[in-house]
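You will see two complexes here that share subunit A, one where it goes with subunit B and one where it goes with subunit C.
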Partner chain A sequence: MQPVLTCKGLSVAYATGARPVRDISFSVAPGECFALVGGSGAGKSTIARALIGLHGRGTRIGGELWLGGRDMAGAGPEAWRGVRGRQIGFIAQNPWSGCDPLRPVRDHVAEAWRCHALPASWTEIAARLDRLGVAGAATRMAQAPHTWSGGMLQRASIAAAGALAPPLVIADEPSSALDADRAQSVLDVLRALGSAVLLISHDIGLVLRNADRIGILHDGRLIEQGTPDTLRRNPQHAQTRRLLAALDPMPPRRTAPLPTPLLRLDGISASYDRGRVRALEATHLGIAAGEIVGLQGPSGCGKSTLLRIAMGVERPAGGRIWRAAALDRPAAVLPVFQDPVASLVPHWPIWRSVAEPLSAPHLPRLSRGARRERALSALATVGLHGIDPEARPAELSVGQCQRAAIARATLARPALIVADEPTSALDGPSSWQVGRLLREAADAGTAVLVVSHDTAFLTRLADRVIAMAPGRTLTPGKGARPHRAGEPAGGIAVGA
Partner chain B sequence: MIGTIRTSGRGGMVAAALARTAQAVLTALAASVIVWALLPLAPGDVATRVLLARGVQEISAAELDATRAELGLNDPLPVQFLHWIGRVVQGDLGQSFTSQAPVTQEILERLPATLILLGLALALSILLSLLLALIAVGYRDGWPDRAIRLYTQIGAALPTFVFALLALTFIVVGLQMGRVLSDASWRAALVPAFIIGLDRAAGWTQLLRAGLLEAMSSGYAEVARARGASRRRILLRHTLPNTALPFLTAIGVSIGALIGGAPLIEAIFTWPGLGAYLLEALSARNYPVIQAYVLIAALSYVTAALLVDLIALALDPRLREPRS
Partner chain C sequence: MSLFDLTRPEAPPLAGDRHVLSRLWRHPSGRAGLLAGLALMLFALVGAVWTPHPPDRPDYARALHAPSLSHPFGTDATGRDLLSRAMDGAHRSIGSALVVLGAVFLIGLLVGTTAGLAGGPTDMALMRLTDIAMTLPGLVLAFAVLGLLGPGFVNLLIALIIADWAWYARLARSLSLDARQRPHVIAARMAGIPPWRIVWGHILPGVALRLGIVASLALGGMIGAISGFSFLGLGVQPPRAEWGALLAESRLYFSLAPWLLVAPAGLIFLSVLSANLIGNALRDLASPKEA
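Now for the complex of A and B:
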């Protein structure tokens, strides 16, 4: 059978002269799911946009791009308009921003027909949404997009992308705005559409589970192609192995956590909005030196409030806090933030941000040269010996910034590191590295409290995972309980 | 069932509309207190000024007492306010210090002229800015866009009266269109309204152009493009309604400025409207007239803001959610 999409030596060149995508060749067979996977900056989104003609003005496409028996590489706007929707469907990453916020969801779906001057029928749209698993579609589709959940709205986008039964659907990170379980069901719905799917993702695990064939992108080139099986068993390229390493379990702990309790929160309650909303109720949390405790829960469950109380920057409304003396010295508790670039001083060279904890008042004063030396060795321990120590945060990748932020946090040998969603801005390999660094900090005796919505990451990293429900912890931590060897890492399912 | 879907029906719309209306009424009330306070706060004794205005040269104590009683000045201030607002609601804005005629009547004589000029100017400026912004975005970076950008920068940089004087010299004197002396007819209003509109539209065009361009690169515009929608369709169906909200807010806010600036505009075009009437009253310290004018300006502003709020509510479903 003739492929629905064939790229031969495809390249994308910006007006500035930069060439983010070079010499890409692959084809997608009818009905198959071909995935392009790579870290941030690999050129995934540039390819997705070029394949549907959404590359900006001044951007040039080289090579061949065969769609439905026609080379679209040099096609003009009108030719592209005829192809879109009919030959290729498109699903954007964020379902909410992909919908006109002023119009009901049904208009969003109907647009697929109307913009080709075809009539759209409400009953047909309702039936299609119903088939894709939207319950009560006939009434719900008259509501505004912001009132829908992400998983449901992404189903509506799938209905719109498949409206004219295009042979190929391009899905650019279609599930990255969704929780893990919803992500899989959205991908199942996408496959059920029957069109071939070009899946663009940074998530190697998701791609291995869902794609028939996978292309590995690195630095604008397609470095390897194969089925999930061959790639997993016999990766040819170092970059592929690096991506696959993100699936490995974290390195096991080397030393048992010290049986010294560090911090214990008993029956903590907290509220915000002048006491009207209860953020925490009778919450228990304990952590010992050298232990990694994960906090997990839906947004709004009070994770961040609990972190701030644990750090000592917010007072709880009720409950008792016990802190070891080790927590009372300056710089004993250091944070690692969600947005690593913003957590570093933008106009400082990176070494200076890393060296900042050395200027804490309880430490002996060091010369500038000595602090720089210490910062450089700290950067080397997080694998950043290759970077220019004079670089500003904006010149580094997000993953490099987060590693630098961890180097900063560990440099002062804090008693407790508090990390709030430290990997949510990172791709797979970078997340894995951050996890490894936190594990090393714990092995060196630091207690680590990590909040993340990524359940898989937490269960692989933490000694204990505490699941939080709105207002309280579902599985109360048993105070500063020493870790017992042989106990599986992961949630301890104790009823509420 | 996966996910939850909140309901936001018509009830939300009605409740939100009622809340905005109540807010507007409160604002109008607060404004009226301030407007009323102009008179008691003005320097000098009110009764004396009223008598002087009536041409009484030698004021006796008895006359003063009688006038005070007549004006209700012996009552406590809250009672005076209630009396005043009671009369205002019935359309009685007091007597002019200078002419002795009821202020309401004098205003009603001049109001149509101002309404014609400002209404026409407002309509023209909205039309102009819509048209120019759409052309600029449609021909982005082409010569129409560059010409429009030049115009918006000049228009935004020049104060209204400089712009109006320049335009007046060019259009009326240079091109022999329109008249320098006006008789408050629709025909006569056309040229001055166009000049005011051109000045007003500069800032709005800039705002709308920037908003449209931002919306054109939004996620929903990209998705619509990926479905095969034409640029014109995306512009008119998606980005224009989404940009309309800040645009409408800007228009609502500047209606106050338009009325406040009317005296200057009418002076330049020798327009026999309310603005000219206010200028006379200001130089004569004719407080009842000033009061009436400020009250009209404040109420127009509150009404315009309420209208904008209600249109925004009808346009944007996100505004109908009860606030958490």
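Now for the complex of A and C:
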């Protein structure tokens, strides 16, 4: 059978002369699921844009791009409009940002027909949503997108992408905004459409489970192609091995007892909006020097509030806080943030952001050159010896920025590092590196408090994982050890 | 990687090249704007020290001559060379717009960041002051100030500064409120960096850059506004030349000597265009980094 999509020597060149994608060749057979996997900066999104004709003006597409018997490499916007929806469906990462918040969900699905001047019927849309597993579709589809869950709304975008039964659906990170269970069900629904699927993802585990064939992208080139089995058994390229290594467990967790308690929160409660919104109730948390404690839970359960109280930037409404003397010196608690790029000063060279804690007035004065030296060696310890220390954060990848942010946090030797979703913006190999760096910091005696929605990551990294949920007594998560006698208060109880 | 990111024009990496001017030069509309701006600057600088004919001396024998080799833009009703007058007026038109914008930029930056970072009663007092300034339409306020001070070029600039500063203060306040929440600011605070150094190193540069982009986009409008007031006779007083005033004079002889309109109108158009092109390019260059 003729492939639904064939790329021969596809390359993308920006107006600036940068060529983020070079000489890529692959084809997708009807009904097949072909996955493109790579770390951040590998060129995944650039390819996705090129394949649906949304590369910006001034961006040049080279090579051949065969879609439905037509070479679209040099096609204009008019030709692309005819192809989108009929030849290719597209599913974006975040279903909410693809929806107008003021219009009901059904309008967004109906758009798939309307933009080709075809009539859309509500009963047909409801039936299709129903088939994709949206319960009560007929009434729910008249509601606004924000009232839908991410998994449900992603189903609606799948219904829209498959509306005109295109032979190929391109899905760019379709499940990265969802948690693991929902991610799998969304991919099942996607396969059930019957179209060929081009799956673009950074998640090698997800791709191994779902794709028929996999292409590994690195630095704008397709370095390896094969079935999940051949890639797993016999990876040819070092980068493939690195991606697969991210599936392996973290370095072993600490088993030795931790004698030095650092921080203890007892019966903490917090509320917002003059007491109307309860953020935390009767919560306990303890952490010792050198320990990694993971906090896990759905959004709105008070993770961030608890974190801010632990950091000392917010005062609880009730409860007791015990802090070790080590926490009373300046810069004893340093943060690692969810958005790594924004956590570095945008207009400073990277070394200067990393060295900034050294210039705090409570530390002995260092010359600019000495601070730069210290920053460079800190960057080297997080594996960034190869980068230009004068680079601005926007010139580095997100993963590199997060490593630089950890270098900054460890350089000042804090007693406690507080990390809020440190890996949610990162791909597999980068998260793994961040996990290793946090582990190294803990081994050097720093306590680490990590919030993450990534259960697998926390389970592998943390000495204890604490699950939080609003209004329920909480149980320790999977990777957690039983509470030991003599350990500072472990486990959290919220509400009653 | 969301759909929003996909539909946004691509943000090419800017590695290895960090100087604003050289990045502007590589941006297509930035380069066009810079070229036009440089030509105008040269025109204004030369015009400030030398003109082919004395700009203010009448020569009634040569009144209303059509463009020729000795008078490329023609002559006006009193026989003054229009090229010389346009050159002489250039530094007044462009320079005064730069002075007004520089002043509102500085006042806005100072008042806005003080309000945003100090908070409390200081914020309250400064923002009520800007509210008062903003409730009066800019044009009306400028007319009122000119009415109090009397017409004149310096008074016009003072009036425009009084009419405009509040918008910049408002913007600088919200930018600094946003900046103080940024993760890199929180990280610096927790590392024990003293507040004044956070303000100087982290907050002010970002706020100034964004405010500067807004100011550069407003440059075109400001040249137009100054020309407009001169056109109404409230700015530059005769016989001094200024583009808006030249335009006002040429209006009287439009049916006899339509070419009188071309030079001042074209120069105003060119400077507005150049400022907008540079402003647009700056915004493009700043947004992928600052997003």
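Rule of thumb we're sticking to: the second predicted complex is superposed on the first by the 461 of 496 C-alpha atoms of A that agree within 3 Å, B and C clash if a C-alpha of one lies under 4 Å from a C-alpha of the other, contacts with A are read in each partner's own complex, and residues count from 1 in each chain.
Here is the rule we use: a residue touches a chain if its C-beta (ideal position, glycine included) is under 8 Å from a C-beta of that chain, and two chains touch if they have at least 3 such contacts.
Owing to the predicted nature of the structure, the values given are computational and were not obtained by experimental measurement.
Q: In the overlaid three-chain picture, which partner chain does A:Gly133 touch, first (subunit B) or second (subunit C), both, or neither?
A: The first partner, subunit B, only.
Q: Just checking: does A:Leu54 make contact with subunit B only, subunit C only, both, or neither of them? Give me first, second, both or neither.
A: So A:Leu54 meets both subunit B and subunit C here.
Q: State whether subunit B or subunit C is in contact with more residues of subunit A in the superposed arrangement.
A: So, of the two partners, C touches more residues of subunit A.
Q: Just checking: does A:Gly98 make contact with subunit B only, subunit C only, both, or neither of them? Give me first, second, both or neither.
A: both
Q: Considering only touches as defined above, state whether A:Trp432 meets subunit B (first), subunit C (second), both or neither.
A: In the superposition, A:Trp432 contacts neither subunit B nor subunit C.
Q: A:Arg81 contacts which: subunit B (first), subunit C (second), both, neither?
A: A:Arg81: touches subunit B, not subunit C.
Q: Is A:Trp351 in contact with subunit B, with subunit C, with both, or with neither (first, second, both, neither)?
A: neither
Q: Could you look at A:Asp339 and tell me whether it touches subunit B, subunit C, both or neither (first, second, both, neither)?
A: In the superposition, A:Asp339 contacts subunit C only.
Q: When the two structures are overlaid on chain A, which partner does A:Ala144 contact: first (subunit B), second (subunit C), both, or neither?
A: A:Ala144 sits against subunit B, while subunit C stays out of touch.
Q: For A:Cys115, decide between first (touching subunit B), second (touching subunit C), both and neither.
A: first
Q: Just to be sure I follow: which residues of subunit A are touched by subunit B in one complex and then by subunit C in the other one?
A: 52, 54, 92, 94, 97-98
Q: Considering only the defined contacts, which subunit C positions touch subunit A in the complex?
A: For subunit C paired with subunit A, touching residues are 1-7, 9-10, 12-15, 18, 26, 28, 182-184, 186-188, 190-194, 197, 201-202, 205-206, 209, 288-290.
Q: Could you please specify the touching residues of subunit A with respect to subunit C in the complex?
A: It is residues 14-16, 18, 44-46, 48-49, 52, 54-57, 59, 92-94, 97-98, 172-173, 176, 311, 313, 330-331, 333-335, 337, 339, 342-348, 353, 356-357, 359-362, 391-392, 394-395, 405, 408-409, 412 of subunit A that touch subunit C.
Q: Give the list of subunit B residues in touch with subunit A in this complex.
A: 1-8, 218-220, 222-231, 233, 237-238, 241-242, 315-318
Q: Of all residues in subunit A, which touch subunit B in the complex?
A: Touch residues, subunit A against subunit B: 52, 54, 77, 81-86, 88, 90, 92, 94, 97-104, 111-112, 115-116, 133, 135, 140, 143-144, 146-152, 157, 160-161, 182, 185.
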